[in-house]
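Beneath this line is the structure, given in structure tokens, with notes to follow.
Labels run A, B, C and D following the written order; every chain starts at residue 1.
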Amino acid sequence: MLIVMQHGAAPEEVARVVETIEEMGYQARPMPGAQRTAIGLVGNDGRVDATRLAALTGVKEIIHVTQPYKQVSREWKPESTVVEVAGGVRVGGAEITVIAGPCAVESEQQILETARLVRDHGATLLRGGAFKPRTSPYAFQGLGKKGLKLLALAREETGLPVVTEALDADGVDLVAEYADVIQIGARNMQNFPLLRRAGQSGKPVLLKRGIAATITELLLSAEYILAEDNQNVILCERGIRGFDPSTRNVFDLSAIPVVKELSHLPIVADPSHGTGRRSKVVPMARAAVAAGADGLIIEVHPQPDRALSDGEQSLFPAQFIEMMREIVAVAEAIGRKVAEPSPAPVR
Amino acid sequence: MLIVMQHGAAPEEVARVVETIEEMGYQARPMPGAQRTAIGLVGNDGRVDATRLAALTGVKEIIHVTQPYKQVSREWKPESTVVEVAGGVRVGGAEITVIAGPCAVESEQQILETARLVRDHGATLLRGGAFKPRTSPYAFQGLGKKGLKLLALAREETGLPVVTEALDADGVDLVAEYADVIQIGARNMQNFPLLRRAGQSGKPVLLKRGIAATITELLLSAEYILAEDNQNVILCERGIRGFDPSTRNVFDLSAIPVVKELSHLPIVADPSHGTGRRSKVVPMARAAVAAGADGLIIEVHPQPDRALSDGEQSLFPAQFIEMMREIVAVAEAIGRKVAEPSPAPVR
Amino acid sequence: MLIVMQHGAAPEEVARVVETIEEMGYQARPMPGAQRTAIGLVGNDGRVDATRLAALTGVKEIIHVTQPYKQVSREWKPESTVVEVAGGVRVGGAEITVIAGPCAVESEQQILETARLVRDHGATLLRGGAFKPRTSPYAFQGLGKKGLKLLALAREETGLPVVTEALDADGVDLVAEYADVIQIGARNMQNFPLLRRAGQSGKPVLLKRGIAATITELLLSAEYILAEDNQNVILCERGIRGFDPSTRNVFDLSAIPVVKELSHLPIVADPSHGTGRRSKVVPMARAAVAAGADGLIIEVHPQPDRALSDGEQSLFPAQFIEMMREIVAVAEAIGRKVAEPSPAPVR
Amino acid sequence: MLIVMQHGAAPEEVARVVETIEEMGYQARPMPGAQRTAIGLVGNDGRVDATRLAALTGVKEIIHVTQPYKQVSREWKPESTVVEVAGGVRVGGAEITVIAGPCAVESEQQILETARLVRDHGATLLRGGAFKPRTSPYAFQGLGKKGLKLLALAREETGLPVVTEALDADGVDLVAEYADVIQIGARNMQNFPLLRRAGQSGKPVLLKRGIAATITELLLSAEYILAEDNQNVILCERGIRGFDPSTRNVFDLSAIPVVKELSHLPIVADPSHGTGRRSKVVPMARAAVAAGADGLIIEVHPQPDRALSDGEQSLFPAQFIEMMREIVAVAEAIGRKVAEPSPAPVR
């Protein structure tokens, strides 16, 4: 860490920074320069809280040389993590995992029909919302516990393990009872009590990047889960907020190679939310695989034009089948393959 | 609401939209144009969930003519809301309320010293975090319940009612026991279970705008609280994420006149988070008052250079005193005045 | 076009809008609603200047149903445009064109060495800056006319046609004399005199998206060129400004399917500027091809660590060779192929 | 400048950085750390082109400690610059200068009427576009030279010096012939040939911040003008691109104290473009003055509802008069005053 002093900072201000660094248990190395002095902090173990230093008078800027996270970093664990879900399904490693299903569970018929469809065409994990975070209090909020039961039923019918979102601590316990992977949505990426509870559940966690979160912030949120001794975190790029209304979000695929370099955790991509427009999902699914994503999470609905939420970004069954065909080819082109259903039964 | 069809949409696609609108209980008015057809939805009571329509094939775009929120809107309630806090303190109306205190409660001495300082120079509400949402799991997370007790002690000593943040549902109950206003932080603006619980508490709620939230989304989050029959919501502009590292956030002061036009709720401004740099807080506090803010929320610390969090944006006592002097003058220039402490005791 | 009136707009305000629409030569269709009135403008030929209407009192919002551009749109010309460059090289159509070369022309040896390298491994167009727009007046600004001569020499040696940037009207004439494609850089996307002059040159134009330009604005800038009767426009996605310093820009690959749907013009992608980090260029080049780009524009340097500009985003020769191998495979996977050098000599 | 090496960078990579720094004529100070090595570059005179270093293998990041600009910085010239326009009008210093007029010059009557109005109510500089940069080629592009002549006529009639925009090098010469201040618009902030030519003209230059420009980039663009030996630069904050359609731009008023700290140049604010909505202009004009702006640039039109461009953000005459009344009061509140017309004739 480097503490850069303002032009013309007083010698006492420099001395105060040195003293504070030493109080914090580190070593200080002042480097006087032509225009300003900088002070190196040596011995940083990755847990220095810089705000105390930033607050000192005469300090212009704090520069982080070491990453602020630890257990999620590739420096800490060089080999890539493979998250073991239930039923032999894995995320990370050489294979690409397809997670698919409706935005929300709406009825027994809808979830069973969708689950069979996506399984028959190559998905190995079922998604579906039981608790839906909605911008408006007047929008459909999900079936709740009944939705969880329908997901469990769909798993029983199809053998697909299930990922679904939890919105609060109580929700984590309930979701953990029924589902195989707990999803933390973009709006909750910095809901720290929720992250901790999800970590404590021991279940694998799918953590979506917040709409305006940097990669560093995403990794720090994952660090909350690992700090609870739960290594089974799957990161997810799902689009960030932009200025152009031509897509719902800006699908930031560069996040994939960036995360791969910084962290050992697997990362999947969600082109449904990333673009918000059905006609853009298939090309961007191909692009995500080509960029190196470890998986895709895709919204599919038997009748998107009758969906209760996110219908405009849900694929029609025929589009999903076409997408699977295309990503199998792209995966092969880059020396990977799309994961195939395991013969092992779930649970 | 206007449903715009794609160029070349088939007549059956148009018919399907009309049919769906009617199924939803509204009237449809198709308007064929030279290049494309648009269909008006008539009878919108502000609660239409457009996603079903957006999902139909042939639909290019949904255009909202009516606002998606209801109870927060000025069309619903034309006169400005004045939120009654405890001890005669009010937010909204002709007077400008100053809320001040440290980022986090650190010790009895620190909170008492700060509370006396800010009261003596014109603040009428005390802020201070007991539960701190921190990006890194390794940063100081607040004193928790002990912090709440110290805030209550500071209220007893100074007569200032207290605003402090709750991070989850359990936290709401605890905070409601000790504090006068429950703060929902920017990271939790779309934590809907938290919004509902805060609404149910019956206490006034200070709702901060999320880092990438539109004004419409902010108002919809407030609508969650009003929908629980709690009208006492104070909105807060605290900066949005931008691309320029020269400030921590982009302090979006235009949000103030925008909110004033759309909603009857009071709005305060937080130049401490809005700029993230101590030297910018005073000019931007003046600017916020000039723009029409109903109040300010300001971080002050007896020794910012020893603060455990957000020290670089906390004012020194002398700066706070100077700020108060300046905003009193600006308030008068625009025909308002800074609220003065009430002689009435709290509780 | 739909003109939405404010809640409570006076009948005279509505009448004034109707009158103005009729003055402008179009028909007005008022639609009174429960909450507010909207007025349809019928007969819009794509050239309506809405600002006159937006300025009327009582108007809340103007909603564009028709696109504001015309000749660039796929509604105007449904079949995709193939731009014919020199020497049989084409951009658009089934094949994917690779444009490669150094950020800036630095010396005869550097440009010849790079040109041979990129040609030998599959590029069919040579890029290289002679006039460099640089943020700082103290940075290397390019060799100017000498650079153009070196590019022409490299073309002679390798048979590769040349694309290079013009910064102003005089530059267009000079560049047109030496180069085969005139590049308009991101900073100049809305330099309208430059766009017009490039259009008048009759040469193909490579138009880069501005750092904060919407797709609509990009297409309107292209419309300036087509309005000069020059249909040979190649669009280019090169990254937009974002909030995360982990990449130089946000490489917005969704722009590719968005543009493909709205316009008949070809679009190429620039992962070098899009990411700004060498280690991210190869994965994002693969992703761009998978997303449907008609070509790539890639910075390569024989010794990036000695480059005078953009060295950190320039590929090493070995990386370029690897990239070509990978994108050939991805192109095949999606049923396209990377264009091969034409046996025909240039000029 | 600090060059941070990657974790695990080889000793030869470190040696190569040291060698390159020395080749560039500076001193290198390697600082090996627990996790990675950083290398200080000493002797930086503010003109180091970091791209050569960033391109070296093993380099993770370049950290700028010294600002990349020189002549515009307050470290170079501590006292604030006051730009002398014609006729005794000044920008910078204790007084606040109001620049007002229509978006575009439309007719003799319109510009004379507006000029008299704004002069009579306290503006001391007249604005008005003769050459209009328009997103669409089909929008009104200004009267050109005829517009310049009308501006000169308005100056003759009212004594107000004139500021108007130049779009290219030829335009600079023409504008310099008729106007007193040359405006560089937001879209041209990085049109470097235009900046140079404006610098060479010797006339004061009003430089608007680009829609996605950082403050550092704005100052570097100003540096282009100062590097031509023209110190008379007036900076202008006019809003940056954001994600919320509730305003046209995000009016970034914090830029004012940020610029004041970094640079000696005066800065004015443009709430007309900053908000793009007439009803937001007056509160944000007050806020800009309170934030410390040295002036305002305001669009006024005798009949905004008949304006040929930007009508929705132009004030009605009565609103302008009200705004002047209000900002006079705010200026006094912060110990400044709004500049009054000079009795001296122009030219």
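A few notes on this one:
Definition applied: a contact is a pair of C-beta atoms (placed from the backbone, for glycine too) under 8 Å apart; a residue touches a chain by one contact, two chains touch by 3 or more.
Since we're looking at a predicted model, the values are computed, not measured.
Within the list A-C, A-B or B-C, C-D finds its counterpart interface, over half of the contact pairs alike by residue number, in A-B. Centroid distances from chain A, each centroid being the mean of CA atoms, peak for D. Spacing of chain B relative to chain D, judged by their CA centroids, is 31 angstrom.
Chain centres here are Cα means. That of chain A falls 27 Å from that of chain B.
Centre-to-centre, using mean CA coordinates, chain A is 40 Å away from chain D. Within chain A, the positions touching two or more other chains are listed as 212, 241-243, 245. Taken as a graph of touching chains, this assembly is fully connected, with contact between every pair of chains. Within the complex formed with chain A, the residues of chain C that make contact are 212, 214-216, 240, 242-247, 250-258, 261, 274-275, 279-280, 283-284, 286-292, 326, 329-330, 332-334.
Every residue of chain A that touches chain B in the complex is listed here, in rising order: 16, 20, 46-47, 49, 51-52, 54-57, 59, 68-70, 133-140, 167-171, 187-188, 190-194, 211-212, 217, 220-221, 223-224, 227, 241, 304-312, 314. Chain contact summary for the complex, chain A toward chain D: residues 2, 4, 7, 29, 31, 33-36, 38, 40, 42-45, 63, 65-66, 75, 241-243, 245.
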